[in-house]
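After the C-alpha cells below, expect a handful of questions from me.
Each chain carries a letter (A, B, C, D, E, F and G) given by its place in the written order, and its residues are counted from 1.
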C-alpha cells in the first residue's frame, strides 16, 4: 500500500503509470462516476431495459432537464452515470457514429460495434497527453438482429457485456441486489420492475415517478422508447414504491 | 475531507481529476460565478423573464455598460453571472450559432439546441488542456414554438432546465426565495415582479431602477425586449422597493 | 484572506482559477497598470477629452517619445496606463480593426464596436495558455453619430463605459476627485481643465506642459486632435498650475 | 538499489532514462501487465495454442465480453494480458496492418512481420513525448508457410519468439511450469491440455469452462479457431480440472 | 521589497507577472544589457552620432569583429549593448524591414517606423510563451526628411526618443555625464567628442582608437558613415584621451 | 564530483546541459547500453566480423528471436547492444537509408555515409525536446570498394571507426582483451575466433553455439553472411570453448 | 556570487535569464566546449592554419575517425571543440550554406558570411524553447578574395575574428602561449609550427603525428588541404616534439 505523498506524484499532468502499474487519473475518473446517481441496465429475452435515478435537486428544476437516458439511434439507448457534461460529449459521439454507419453501409450500427467505437475514443483520452479522461460510465442497450445486447463502458475505455448491471452511486449494493434477483427468464415488464426495485432499494424503497427515467428496446419491435411518467407511476404503484403523500408534497413545486 | 496541501496538487496546470473524482478548476470557476452579482430567470405561461442585479460601482460609470442581459437572437435573451469577459465570449458564441442556424436551416434556433451547443463548447474547456474553464454561468431564456424555455449553463458545461432560477451571488437565499414564492400560474408581469422582489430581498428590500436590468420574451409575440428604466421604476414603485430619497441622491452623478 | 504560500500556487504557468474564483495573473496585470502614470478621460456634451500624465524621467528624453495618447482612427483617441509595450500592441490592433471596418463596411468603426473587439482580444490572453495577459488599461474615446463615448478596458477584457474615469497610478484619489468635480454640463474646455486639475492634484498642484498629453474629439467636428504644448500651457497658466520658475529650470535641457 | 525519492524523479512526465539506464514508465507498464490475468501460448509441431485465464468478476457479466483472445487475421490469433483498453488498441492496429498487407501484396501477412510492426508501434510510445507506453503484453500466434510461430511483445516494444510462454499474473510460476512440462513433440491437443493445466495450476487445479478462452491455429489447416465451451469442458473433464459442483453453482447465474 | 524565494517563483518558465505587476524575465534581460559595455548616442542639429565602447578582450582578437555599431540602411545606424548574439538577430530583422519598406513603398524607411517595428518584434518575445526576451538594448540613429532622430529600444519592447543617451554598463554615470554636458547647439564634431569624452570618463579618461567604434549620420548628406581609426585617433588626441605609451604597448600584438 | 540532489536537477524533462557541461540523459542512455550483453566487431584485411553475446534467458525462448546482428544491406551488417526496441528502430532507419541511396544513386551506400546518417539521426534525439535519446550502441560493419570498415555509434550520436571494438556489458574488460590480442594481420577466420574468445573470456571461457551470433562480410565477396550454428560450434570446439556436457544439458529444451 | 540552490532554478527547462542577466544553459554549453580537446587557428599573411589535438583514446580506434577538422567548402576549413555530435550538425549546416551560396550566386561563400549564418543558427537554439544550445565551438578558417580570415563561434552564437585563437581544453594556457609567440609576419609553415608547439606545450612538449590534425588554406592557392601524417611528422621532428620511442611504442597497435 502506498502513502499519500507517493500517490500525488502520479496524478499531476498527463496520465502516466504508477510504480504498481495503475493509471491514477483513470481511477479518479472512476470516482467521478461514483459521484453520479445510479443507472441500471437489465437484459431480458424480450428486450433491454435502462433505468436511471435522477432525483431532482430542486422542485423548480425541470426533471426532464436532468437527462440520464438518451436515444443514440432508433434501436439503441444510452444511460450514463458520472460527469454530466462528459456524458453528453460521448452521446454526441455515439450519435455521429450511428449516422456515419447508416450512411456508409446503409444499415443500423451494431450494438457491439458502437460500443467499441466509443471505448476506443475513451481510451485515447487515457493515453495521449493534453486532455483528461472522461469522468463517466455508459450503459449501451439495444437490439441487434433480434438479439438484445447490454454493454458498459468505463473511464479506461474497456467494454463489458452484461445481463444486468448498475453504474454510479451504490454500485456495490445495487450489483448485489441484481445478482440476487436477476433470472434469465424475465419478461420485459419484469425487467423494468427489477430495475425500479433496485433503484428504490437504495432510497428507502420509495421512488417518485419524476425521480426516475426508464426506457426500453423490445426485441419484437426494436425501437428505443422512453416510458411516460404515468407508465412509470403505474409500475411504481404496483410495486408499492410510490412515496407517501407527505414526502411527495415536499417535492412538488 | 481533504486538507489544503492535498488540494493544491490538483489545481495546477490543466484540469484533471482529484482522487475523489472532482475537477477543482471547474469548482473554482463556480466560485468565480458566485463572485458576480445575481441574475434571475422566471418562466411563466405567458413568457420568460430575465433580471440582473447590476448595482454600479461608481456614479460616473454608465449603468448600461455593465451589461448583464444580452439579446442572443430575436427570440432569445441571455443573462450572465461571474467573469464578465468570459460571459461576453460565450454570448458572441451564442449569437454566431443562432446566425448559422438561421442561414443553414432558414429558421430560428431552438432554445434547447442553442443551450446544448453552448454547453458542448464550455465542456471542451474543461477537458482539453491549454486553457482554463469559463468562469461564468448563463441563463438562456426564450420562446420556441409557443413554449417558454429557461436554461442554465454552469462552468462544467452541464445544461439544466428551470421554472425559476438564480445564478451568481446569494444563490442559496435567492433560490429559497424563489421556491417559496414561485407558482406555475404567474402572469408575465408577476414574473417580472417576483424577479425584482427576489433581487431586492438580498439588498435590504431596495432597488434603484439603474441598478437592475430586466428583459422578457413574451409567448404572444416572442421577441426579446429589455424593459426601459421608467418601466422598471414603475414596477419598483408599485412594489415599494425604490430606495429612499437620501440614498438615491448619493448614487446620482 | 489567503497566505503567501497559497497564493504562489496559482500564479505559476498559465492563467488558472484560484480556489476563491480569482485569476491571479489578471490581478497582477492590474498591478502593472497601477505602476503606470495616470491617464484620464472626461466625457462632456461637447465631446470627449483624454489627458495623460507623462512626466519625463530625464531631461534628455524627448517628451513626445513617451506616447500615452494615440489616434486610433480619425474620430477615436486611445490613452493608456501600464506596460507601454503592451499598450502599443493593443493600439496597433485597434488601428487595424478600424481600417478593416472602413474597408468592409465603408464607414468609420463605432466606439463601442471597437472597444468590444479590443476586449475580446484581451480576454483570449487570459483564457488560452501560452501567453500572459496584457498589462495595460486603455481609455477609448470618440464621437459616434454625434454622441461622445468614453470606454475603459482592463486586463481581464471587460469593457466599461464612463462619464469620467482615470486609469493607472492613484486611481483611488483621482476617481474621488472626478466624482466630486464632474458635472454633466461641462463644456469641452472645462473638461480639459478638469482633467488637468485632477492630474495636478496628485502632483502638488503643479504640471509642466511637457509633462502632460491632452487630446480631444469634439462633437461638432469629430476629429481627434492633440493639444499643442502652447495650448496646454495657456490652460495650465489660467488654472495657476504651472510649476514655479525654479523647478521648470531644473527640467529644461 | 535506489531509494523511493530518487525513483520518483524519473517517472514524472515523459519517458526518460534513470541514472542506471532504465525507463521507469516502461517498467511500470510491465507492472500493469502483471496486474492482468495470465495468457499462455504453446507452440507444437501441429500448430499453436493460445489460452487465457478470464475468470469473470461477476456472474451477471457475459464471459464472452472479457475478451482476451482475438483473431487478428484468418491465420493469426492474439492473446493479451494487462490493460484491456490498451490491448484493444493494439489489436485494432494489428488487424489494420494485416488488411494493408493483404491489399498491398495480395498475400497474408507473416507472423514475424506483423509482430515487428506492432513492436515498432509500441516503441514509439516509449520514446516520443506526449503519451504513455502501452500497459499490455501480447502473444501473437499463427502459422506461416506451414510453420507455427509464437511471439511475445512487451511494453518496451521488444519482440521475442517462444516455444511456450506466459504473460500476465504469476508469470514466474507459470513459466517454470511450462519449462518443466513442455516438450518439442506435443500434439496440438496436448498443447491445449498443457495450457489448461498450467492455468489451473495457479488456481487450485480447478478451471470452469467459462473461465478460460482457448484458441488454436493448426498447421494442417492454418485457420484461427476458438474452442467451444463444450470442447473446453471435455478437455477439462479429461484432465480432472473441472470445479466441484458446489463451486460451479456459485458462479452460475 | 520581496525576498529571494518569492522572486524565484516568477522567473521560471514563461514570462508572467509577479504579484506587484513586474515581468522578472524582462528585468533580468535588462541586467544582460548592463553586462555589456556602453554605447552612446548623441543627437545634434547637424546629425546623429553613435559611439560604442569595445575594448578588446585579447590583443589577438580583431577589434573589428566585436561589432557594436551596424549599418541598418543607408541613412540609419544601430548601436547595441548586451547579449551580442541577440543584437545580431535584431539588426538582421531591422535590415530586412528596411529592405521591405524600400521594395514596398519605393522610399527609405523612417527612423520612428523602423524603431516601432523592432519594438513590436521585441514585445512579442515578452508575452508569448516558448522563448525568452531579447537580452539587448539598441540605439537607432538616422536622418529622416532632414531631421536627425535617435531612438532607444529596451528588452520590454518600449521605444524612447532621446537627445542623448547611453545603454549598457555604467548607464547611471554616463547619463549623468551627458545631462551635464549636452546642449542643443552641438556641432556634429562636438557630438562625437562628447561621446568619446563620456566613454573615456568611465575608463580613467583614456581610450585607445581600437577600443571604440564611432559612426555618424550627418543631416547634410544623410549617409551612415563609420569613422576611421585615424579619424578617431585625431579626435582622441585633440581631447587628450589617448592612453599613455606604456599601456598602448601592452595592447599591441 | 557532484552530489545526488544536484544531479537530479538535470535529468528531468528534456535533455539539457549540467553546470559541468554534461548531458545526463545521454550518459544515462549509455548506462542502458551497458545493461545489454556485449557485441564485438573485428576488422581484418580479409573482411569484418561481428559477434554478439545472446545467451537466452529461458530454454523456451527461441534463440533466433534475440536478434543482435542484422543485415542492413547486402554488404553491411549491424550489431547492437542496449535497449532492444531502440536498436530495431535504428536498424529500420539504416535499411531505409540504404534503399534510398540505391534508388537515388544506383549504387550501394558507403559504410561511412550510412554511419553518419545514423549518427545525425541519433543526435537529433539529444538536442530537440519531446523525446528521449536512443538507449543503444551499434556496430556497423561492411566492405566498401574492397575496403573493410567498422564503425561504432553511441547514444550521443558520435561515430567512431575501429579496428576492433566491443559495446555493451563488460566493455572495459573486453576492450582490454582486444587490445592485447588484436593484430593487423588476422585472417577472417582468426577474426571470428578472436571475437568468440573475447566473449567467452567474460563467461568462464565457455560459450554455447546458441548463445552467440556471428556474422561476417568478406572482402573477396562483400556479402553479409551469418554463420550457421554448426559453423559456430566447430569454431568453438576448435577453441575448446564449448560448455561441458552437464551445463549444455541444462540449457537444452 | 550566487549559491547552488539559486543557480538550479535557472537551468531547468528552456534557456531563460538569471537575475544577473546570464543564460546558464549557454554557460554550461561553454563547459561542454572546455571538455573537448583543444583546436587552434593561426592566421598568417600567407594563409590560415587549423590544428586539432585528437589524441586517440584507444590504440584500436582509427585516428581518422576522431574528426576534428573538416572541409566546409573548397576554400574553407572548420575545426571544432566540444560535443562531437553537435559539431557534426553545424558542419553539415555550414556545407549546405556553402552549396546554397554557390547555387544562388554562382560564387564561393564568404568566410564572414558563412560565420554569420552559422552563428544565427546557433543563437536560435539559445532563445527559442524546445531545444538545448549547441555544446560546441568552431574555428572557421579560409581565404576570401585573397585575404585570410579566421573566425570563432561560441555556444551563444557570437562570432569573433582572430589572428590566433584556441578553443576547448586549456584555453587559458594556450591563448597565453599564442599571445606570447604570435607575430603578424609568420609564414604559413611557421604558423603550422606555432600551432603544433602550442598543442604540445600542454602535453609535456610531445605530440604523436596520429594525435594531431593539421590543415591549411594558403592565400596563393586558396584550397583547403589536410597535412599528411608524414608531413606532420617532419614538422614535429624538426621541432623536436616527437614522443620518445618507448611512448610511441605503447600507442602503436
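Here are some notes:
We take it that contacts are C-beta pairs under 8 Å (C-beta built on N, C-alpha and C of every residue); 3 or more make two chains touch, one makes a residue touch a chain.
Composition by chain, UniProt nomenclature: A, B, C, D, E, F, G = Proteasome subunit alpha.
Computed from a prediction, not measured in an experiment: that's the story for all the values here.
Least step count on the touch graph, chain B (Proteasome subunit alpha) to chain G (Proteasome subunit alpha): 3. Taking the definition of touch as given, a chain qualifies here only if it contacts chain B (Proteasome subunit alpha) and chain F (Proteasome subunit alpha) alike; none does. Comparing the residue numbers each copy contributes, chain D (Proteasome subunit alpha) and chain F (Proteasome subunit alpha) share less than half of them at their mutual interface. Averaging C-alpha coordinates per chain places the centre of chain C (Proteasome subunit alpha) 31 Å away from that of chain E (Proteasome subunit alpha). Per-chain Cα centroids separate chain E (Proteasome subunit alpha) from chain F (Proteasome subunit alpha) by 56 Å.
Among all residues of chain E (Proteasome subunit alpha), those that touch two or more other chains are 12-13, 129-130. In terms of inter-chain touching, the protein chains here make up one closed cycle, each touching precisely two others.
Around the ring, proceeding from chain C (Proteasome subunit alpha) in the sense that reaches chain E (Proteasome subunit alpha) first, the chains are ordered C, E, G, F, D, A, B.
Residue ranges of chain F (Proteasome subunit alpha) in contact with chain D (Proteasome subunit alpha), taken from their complex: 4, 7-8, 11-13, 24-25, 28-35, 58-62, 64-66, 82-86, 88-89, 92, 125, 129-135, 253. By the touch rule above, chain E (Proteasome subunit alpha) contacts chain C (Proteasome subunit alpha) in their complex via residues 6, 9-10, 12-23, 116, 119-120, 122-123, 126-130, 151, 156-165, 175, 178-179, 182, 184.
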